[in-house]
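Naming follows writing order (A, B, C and D), and every chain is counted from residue 1.
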Amino acid sequence: MPSPVLLHDAIAEHVHDGDTVALEGFTHLIPFAAAHEIARQGRRHLTLVRMTPDLVYDQLIGLGVADKLVFSYGGNPGVGSLHRLRDAVENAWPHQLDVQEHSHAGLANAYSAGAARLPFAVLRGYRGTDLEQQRDIISRVTCPFTGEQLAAVRAVNPDVTVIHAQLADRDGNVMLWGITGVQREAVLAADRAIVTVEEVVDEFPERTGAVILPNWVLSAVCVVPNGAWPSYAAGFSVRDNDFYQRWDAIARDRESFLAWAADNDLKESADV
Amino acid sequence: MPSPVLLHDAIAEHVHDGDTVALEGFTHLIPFAAAHEIARQGRRHLTLVRMTPDLVYDQLIGLGVADKLVFSYGGNPGVGSLHRLRDAVENAWPHQLDVQEHSHAGLANAYSAGAARLPFAVLRGYRGTDLEQQRDIISRVTCPFTGEQLAAVRAVNPDVTVIHAQLADRDGNVMLWGITGVQREAVLAADRAIVTVEEVVDEFPERTGAVILPNWVLSAVCVVPNGAWPSYAAGFSVRDNDFYQRWDAIARDRESFLAWAADNDLKESADV
Amino acid sequence: MSEWDSAEMMNVAAARELYDGDVCLVGVGPPNLAANLARRTHAPNCRLVYESGAIDAKPHRLPLSIGDDDLAATATAVVSVPEMFNFWVGAGRIDVGFLGAAQIDRFGNINTTVIGDHAHPKVRLPGAGGAPEIAAAARRVIVIVKQSPRTFVETVDFVSSVGYGPTGQEREAPGAGPTLVITDHGVLEPDPVTHELTMTRLHPGVTVEQAVAATGWALKVADSIEEVPAPTEHELTVLRKLRNREPIDA
Amino acid sequence: MSEWDSAEMMNVAAARELYDGDVCLVGVGPPNLAANLARRTHAPNCRLVYESGAIDAKPHRLPLSIGDDDLAATATAVVSVPEMFNFWVGAGRIDVGFLGAAQIDRFGNINTTVIGDHAHPKVRLPGAGGAPEIAAAARRVIVIVKQSPRTFVETVDFVSSVGYGPTGQEREAPGAGPTLVITDHGVLEPDPVTHELTMTRLHPGVTVEQAVAATGWALKVADSIEEVPAPTEHELTVLRKLRNREPIDA
């Protein structure tokens, strides 16, 4: 998708009620602006997939966007709990939230299998844990050569994956660097992919560790400077650690959370 | 392994008769100098693993170094046959050469499984081909979630992997870029790893697509400028396409091959 | 109009089957020539992917190998070989795979491995390389191969890459299989039902009798056989520049 | 000598268990503090690996999250998360994994998932993260956790990461399992045969009775219990600088 489009239009076209949606970014490059646009457009009944739900899914869950969460670590890193996630799971507020959970290794491999269009991945993991009780997503296979039993994890193939990146070029190819997490796999596993970027450039710089995604695997590229705030984009911004701390108080009770939502034009979606 | 060592010493210490040895580099960065050192030191009974045997294994096979070859494409790219490989397989000259063969996808995944210390990898491949008759290395597994049958390939774990790279830093970390093939996986799949490099630098430059291998997964780093000739090292040299053409005539008959070996101090090993 | 030979006609005919915008997995030899010719003539926006890891390579001249630096240096992205086969080829992101063959049978099964027995071959060929998975997963597979009774055989000695299987009905792979076989004589296409390769087009000056004589099985010929248009002056000029490894401006 | 509290003692004791040259997988919280303290004191050549993909990170100050830019910017290499877990953690390249716990039982099995029933939990905890595979594959696993009857429980509500299994004899994973549990009271080590966690060392000023009272099962105590040396002035200075996120020169 060569020409950048408005974030509003990209979300309107590619994210539908009931979709399985992955917003990825491992601490770094979390697509907050796109998440807020999904909420503003009032999407409902989403299955949200993300290794680390972080504040971005705490917000979406509190706003009533999600029916189901697929994840591997749901904390506010270095701070504590995700209170909206907890309120949804523990008290069904604003409504019931089903949970499917993995280890990081498991979910990372589930995306990788999805990116390869394989139905499952094999890994050393899960053995002896109660996570194995989720037999529909975690099972075992036997090595046909050695007889060894290994864990198998069902592939994840989102309807749409959304990521934030540093750069797009004029052709709509996308470049990200720094901690690139599982974004490549999440994009390639999805039917559709939306990327918000800091900036459009004529030519990509040399960057060790960069991931480049060619335009023909992307559905939409949107220029959204600072679209990862309060997360960050290496080379463009720093993580707003204060906001991560403040979120703890905001999200701790429903009143202050709803006030925050209203202040941020997210009220409509919060009317649940 | 921080301090660079002499190639002679690295091969003497880490490559033993009977070892399974992978020299990797996909057209680019083929470790020819290290291969010649292996031959000069008279190693015997090696199992040689490489996706594309190329001239480097045509030479080693002709010199009688190998008992077995594991590979996926054995041609002189853009030129024609590997005559020494053919003479070994078709006429057992200089002696019998056992062959295990894969597709590129299969051998790449076998290295990847080896790097993850998994006994096998799952892929979409091999179905309906006669390569599947090699049941000890290619089999099938059933997806525990969907029931779909997929190919399984046995992991490859070389005793030692040898690669050529552009740079090492003062700590012995190694950087390569351009077409990096399957080198990362081949190094991480091996018990020991030897890297020849063009140059030692104080600090690595920024290079999109670079692979960096930390010193603690390497056994030896040797400074061998132009160690990939007649292959090339992007940024340092260009491929000697003329030699690739000339090799066809050199390797076509045993006489001219042995003369080339003698001219290159490889005679001793060729006395087979 | 310049003179041209049957090999040139074959490469031009193959290039024409690549459409603008196609993602094309390019192998060594004639496929390399055909794909680069297409990109330099009617399909400037086709995307060349090389199994060495180069995605959207835009080579200035014909690469001699699939690992030339020009491919990496001009590519939008360069990925590792495992990633190439898992996330790009195996995942079905390739529209067109061009393949060669040492032997091919009437159901498009390909041998590039051995002539004779695998354990004790008469001729050891290069082997499978990237072809089995390209043959399995590409949306369209185009085989480029010169037609002769030695190559077009009743039964291949070894199935390196599967077409439609031993009787034409055993294909399980996700891609469509060999949709076209382009030779120095013309073009064969699989019958929609039996999947038997059928001669549907002939190059200028080639007769049905010649094609039949160049085929090691009883060749089926389409009722109304078309003639392939001769190479244009432009196609020949670009093809020869490529073959001479001259740089070509886009 | 400065005053110090039991949390500081716990972090110092944990840091001391990391040896120079160790490859250490660092998680958030106390493990992050302990590993960075070790690197800034007695183990300058320990190699910090973060599950975000940073290998040999050399952070200038204590990272707040495992995805801080300082980690990527100072790392020898940054790899993707799938590669981290497959090629580095799962492949057994980690010498020491530091883990935390919300509940731990006498056989070192860890819960970080839920208090109560998984489907309808009383308290929803963050979940497993990278811990299950670190617990399985690291050569040594060191658990850092404050000791209390609420945390040191007879049976964990959910096994997020396996120690030695329900009866201490069911471990199938390649790594050695939890070799040390370091608390604010002292240090527990698994019995070589039964794998039951046994109190082997106490921090200065802590009594056996206090440790027993802080444990939800009948705590085994070693016959000759050692006292952990108090934090040195240097350890405390560096620990506090780290906690205040001041930059530290190597």
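The rule is simple: a residue touches a chain if its C-beta (ideal position, glycine included) is under 8 Å from a C-beta of that chain, and two chains touch if they have at least 3 such contacts.
Not measured: the values here are computed from a predicted model.
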> Which chains, if any, touch chain B and chain D both?
Replying inline: A
> Across the interfaces A-C and B-C, which one involves more C-beta pairs in contact?
Replying inline: B-C
> From the C-alpha centre of chain A to that of chain B, how far is it in Å?
Replying inline: 39
>> Averaging over Cα atoms per chain, report the distance between chain A and chain D in Å.
In response: 28
> Hey, what residues on chain A touch two or more of the other chains?
Replying inline: 112, 116-118, 123-124, 184-185, 209, 212
> Among the residues of chain C, which ones contact at least 2 other chains?
Replying inline: 77, 86, 90
> Between which chains does touch occur?
Replying inline: A-B, A-C, A-D, B-C, B-D
> Tell me, which parts of chain C touch chain B in their complex?
Replying inline: 28-29, 51-54, 64-69, 71-73, 77-78, 80-82, 84-86, 89-90, 113, 118, 121-124, 126-133, 136-137, 158-162, 165, 170-174
>> Residue numbers of chain B touching chain A in their complex, please.
In response: 116-124, 136-137, 139-146, 148, 150, 152, 154, 175, 204-210, 212
> Quick one: in the complex, what on chain C touches chain A?
Replying inline: 23, 47, 55-56, 76-77, 86-87, 90-93
> Contact residues on chain A for chain D in the complex?
Replying inline: 26-28, 51-52, 71-75, 77-78, 81-82, 85-86, 89-90, 101-105, 108-109, 111-112, 123-131, 133, 178-182, 184-185, 209, 211, 232, 234, 238-239, 241, 244
> Okay, in this complex, where on chain B does chain D touch?
Replying inline: 112, 115-118, 173, 184-185, 188, 212-214, 216-217
